[in-house]
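See the structures that follow.
You will see two complexes here that share subunit A, one where it goes with subunit B and one where it goes with subunit C.
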Partner chain A sequence: MSAPATAPGAAPGARPGRAEGRAWGVRDLTVRYGRRTAVEHVTVETAPGTVTAVVGGDGAGKTTVLRALVGAVRPAGGTVTAPDRRRLGYVSAGPGVYPDLTVDGNLAFVAGAYGLTGAAARERAAELLARTGLTGARGRLAGQLSGGMRRKLALACALLHEPDLLALDEPTTGVDPVSRAELWGLLTRAAAAGAAVLLSTTYLDEAERTAFVVVLDGGGQLAAGPPDEVVARMPGAIVEAAERPAWAGDHAWRRGRAWRAWVPDGVVPAGAARVPPRLDDAVVVAALRRDGAAGAGAGAAGDGNGAGGGR
Partner chain B sequence: MTATAGSDRAGRAVLEAVGVTKRFGRVTAVDRASIAVMPGEVVGLLGANGAGKTTLVRMLLGLLRPSAGEVRMFGSAPSLETRRRLGYVPQGRGLYDDLSARENLAFVDAAFGLRRDRRGSARASVGDGGRPVGELPLGVQRRVAFEAALGHDPDLLVLDEPTSGVGPLSRARLWDTIREAAEAGAAVLVTTHHMDEAEQCDRLVVMADGRVRVEGELDAIVGGEQAVEVRADRWEDAFAALDDAGLRLTLSGRALRLPGGDADRVRRALADRGVRADLAVVPATLEEAFVRLAAPV
Partner chain C sequence: MWAIAMKELRQIRRDHRLLGLMVAMPLLMLVVFGYAASFDVTSIKTLAVGPGAEQVAGRLPDTFDLVGTRADGGRDAAVDALRRGEAAVAVVAGAQGAPPQLLLDGSQLFAARSALQSIGQAATAGGAGSAPVVAPEVLFNPGLETSTIMVPGLMGIVLVFVGVLMTSLGVVRERQAGTLEQLAVMPFRPRQVIAGKILPYLGIAVFDMTVIVLVGLTLFDVPFRGSVLTFALAAALFLLVTLGLGVLISTVSENQGQAVMLALMTLLPQVLLSGLLFPIEAMAAGVRWIAYLLPLSYFIQIARGVLIRGTPLDALWLPIGMLAALGVAVFGLSVLRFRRDLAPTGRPSRPRGTRHGSAAEATP
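== the complex of A and B ==
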């Protein structure tokens, strides 16, 4: 895997935003499963000490990007740059642990697979257990742990061999906020120690914590860059109103009781209050623009979850 | 923080638990919890795993009998009759995967004794071509589940992580639907782990250890909570210094955030390692406030 898997005829992908020392990732990636195109022309990169997020809903292509990065699926186009498999840590979506093994058994099995033995390996496992609050659960079967505990165990297993690249597929989905904070502590610590981290999430507030975010939708790339740059690049303006702004048409949505609306040309109508855009506004706007560009005849296509999915 | 269940709200609540306790053997899952959802109001119920959220909701729905205290749905104990006025969307969506969207909705209509055509509703936009619902994109499945739950114009909606797993635009559209129901007068109770959803609610109820720890509007919950934001040339060094000092911290872009706002302690931990950084005390996010409130004592 250390040599990039380059498909013939792959175009060099446009690098999104800044690209300082992005060592690992996929560039201009296209993956097909049979006739279905799962992702097309997607570029996601991360580097040592950097946490990058791939964000999108179900069917956006997040899992495919991670699977391509760790060599579990062969790209139809583009390049994949990843460290040797032994320097890679991967947590797939789902439990990510062996349910019939105990917590200790899971760690021992993974340690064996990576050839980690001796006191140092045991110390590392004990430290990860302490940091995940799992020390008291060492003898429990992984299948009997709560969802949050299972995800923490999966991350501990992936961190055991101190990988250069950590690929995490929805590490916090279904995890309560307290466990989520612990998971973030753990992966931030890995990044601080020099690991490159790529994680996927369906939540923008989570993606906003990372240095670089790539928004996927229906297998395509909707936006990419550091979160504040994605917001800064949003064309037009966002306004807030107590009532649905009649002029906004489909370009209005709710936040709590209030309405938010996108003004494409930035000329705020009288009576509307301009507010600073947030990352979720910028992403909704990107989806609206894409749907607009896809043609009004198709109707409101949603965002890959709405109607249709792959395009 | 604002008015608790009971007092001035009593009698008007669509859904209400008053001092409800549930014991399983020696374990007290819910301990004297009170909650009320008013007509037209969207209430978010938050809590870590094991906080008692699910048990409380099951009692509110009448699926579990409280060990003590009282649950009222439309002013009386939950029953088949009161549940007719309830729309419920479980996290599993509660659809029949092998049936098409139309068949799912027809089934629900029949169960509620409805014989009307719901053209013009979101059903028209599904356009599934009769495919089994299990094969449709998750966002569409969620919309169908909403349709099923809203079809009988319920006065009460109970939603479990209603927009989990969908993209931002789908999430916004689903919340439009929830808000429309509330504006039409429905009381809405949402349980969620995610702050993107919690901040859509009018009022939040935070549970920990089986009890209602705090309730109120978002601003009141976050209230005076603060965080320290740390910006260093090399965030890795700042992280190592603070992490080794035993401080709880998280990443925010290339900055670090420490919930709690003890800037002096942060400054000392950085100085001990000779790490130069800019510090700012900033308002906490809902998630930061929540983790502090919801952490088991």
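== the complex of A and C ==
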């Protein structure tokens, strides 16, 4: 896997005190839960000023990669390179905040955990609350916040101590579009300030915004690279049709009301409309190529819908 | 209705541990408590003191288990021995011809009652000759008041309740809420997390203890004859064990239901086997050994000794030592268990590397 690229728009110059240029991540990672292999030979890295996305459907192994990175699970193989825990910010797939503490209470706990005190800590908390639109909810219990507000609070908590590495497990899942945009604003700002960001998502449109994407499926690595390159490396062509093309066999999947089909040799049948491939097409094709068309067609189509079709 | 019942049944069946506890616990308790539930002390620890000690000792009824004779002592030595908990009964046999005196430790309520009953029966059955004693005197708790011996024990029960039951829910709540993982990646060492978790409960327990002691002294006229410092030391050690037990239960439980069941499994034996309700010496031998493993047994021994009899610290080294040993064992285990939750990658518990991003690499 090549080194992660710097996110377009992100400030390449890291803030003083950051681990400049250091790549964090997992290499050749294998994690087993008992007899079940959750991920195998997966490499995911990110660097300061970079947003890297781990994408995949349910059970792909995204959470396991992040848990291994932050030290919450012991790898069975591979190498984990992570900063000191004091320089790590993590939002788990769970609530990420204490529901029976107020917004202020959650931030105060995190500030205490990372040794942040005094006016600087209060200013930093106030700044994050303002950016997340939670200033008016400071006295509310986290458990009473909406899902989007809770995720924003979790991200604010993870950002409070200005970590070198931000590991975010599906930070936008179940969040409304406006809140998603705000969350993305927060994390790209963190990357611009020099943080390395590694997030998992099921949304391929989000992955397209990142500098580097690693596609997982069933615990294995399907593809990796800058989103444009992943798409460009896809062999063959994609066609779109109103009905399922009979010639496509298992190489067809639904997107919205239309059908998309992969033509492995790139020779588009007469009458079919060739369309420019997108990241979700490349992901489905990667799955088809890995598993073999006959067995993987249905599953890959399912993955395509799960990862990108729902957008 | 059936759909809900079936769903509940399936959910219960999934939780093997809880199901096991629900089935095994009542059976275990029935057997154990069946052998424990007895007020009849058939072996009363007795000390014979004074010039005629040997002579009187031979004439004591069978229920009196002679643990020693001291020919050179008098009444003071006998009282001191009872204060130190060396026996439940002391027979002071003076010069030849003088009637021996029976001193009873009123803080050992059931032993004292059995002794009185035994002496009474012996007097009725065999006349004055077979019963060597006149005018039995009950010390420390002259009225043989139940409340006097119950209140020090109840102090322990309240501490067990706060320490074990409340604390046991602490970590489980984090696990169920999904915040334990968040906590695990923060820059805390496992022992810092444990200390942080139990500190509030420790504060509550200390407050509870103070209130109970004050209420016991004022409302129930329980005496406080011993050293406050000795009592505080014992209470601190006892709290260490109970809080550690709470954390240990928390780390082995997957949900709050399991934690509560396990906490009850430690609570009930302590209520019934610690000597609070039934005298330990009246229990069957196997059950008595369970009682010797329970921290409350030792705390009650100390609390009754210090409060009611004024037992000095040097006479309490065994129960205090046992509490300390149990505390170290239970806390050690809970730290080890907790470490699995909080540092599963084997990363050093102390965060290492410089602030500017040295790597912590885990290469299995």
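Convention: the second predicted complex is superposed on the first by the 270 of 311 C-alpha atoms of A that agree within 3 Å, B and C clash if a C-alpha of one lies under 4 Å from a C-alpha of the other, contacts with A are read in each partner's own complex, and residues count from 1 in each chain.
Going forward, a residue touches a chain if its C-beta (ideal position, glycine included) is under 8 Å from a C-beta of that chain, and two chains touch if they have at least 3 such contacts.
It should be emphasised that the depicted structure is a prediction, and the values quoted were computed from it without experimental measurement.
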Partners on subunit A (subunit B, subunit C) - clash or fit: fit
Which superposed partner A:173 touches (first subunit B, second subunit C, both, neither): first
Touching partner for A:190 - first (subunit B), second (subunit C), both, neither: neither
Superposition-derived comparison: subunit B or subunit C, residues of subunit A touched: B
Contacts of A:205 with subunit B and subunit C, given as first, second, both or neither: first
Touched partner set for A:88, first subunit B, second subunit C, both or neither: second
First (subunit B), second (subunit C), both or neither touched by A:231: neither
Where subunit B and subunit C come nearest after superposition, their Cα distance in Å: 6
Residues of subunit A at both interfaces, subunit B in one complex, subunit C in the other: none
Touching residues on subunit A, where the partner in the complex is subunit C: 17-19, 22, 24, 67-68, 70-88, 90, 92-99, 110, 113-114, 164
Subunit B contact footprint on subunit A (complex, rising order): 49, 51, 56-60, 146-148, 173-181, 184-185, 188-189, 191-194, 202-205, 208-211, 215, 217, 226-228, 253-257, 280, 283-284, 287-288, 291, 299-300, 302-309
Footprint of subunit A on subunit C - complex, ascending: 177-179, 181-182, 184-188, 343-347, 351-364
Sites on subunit B touched by subunit A in the complex: 46-51, 125-127, 137-140, 142, 164-173, 175-176, 179, 193-196, 199-202, 218, 235-236, 239-240, 243, 248-254, 285, 287, 290-291, 294-296
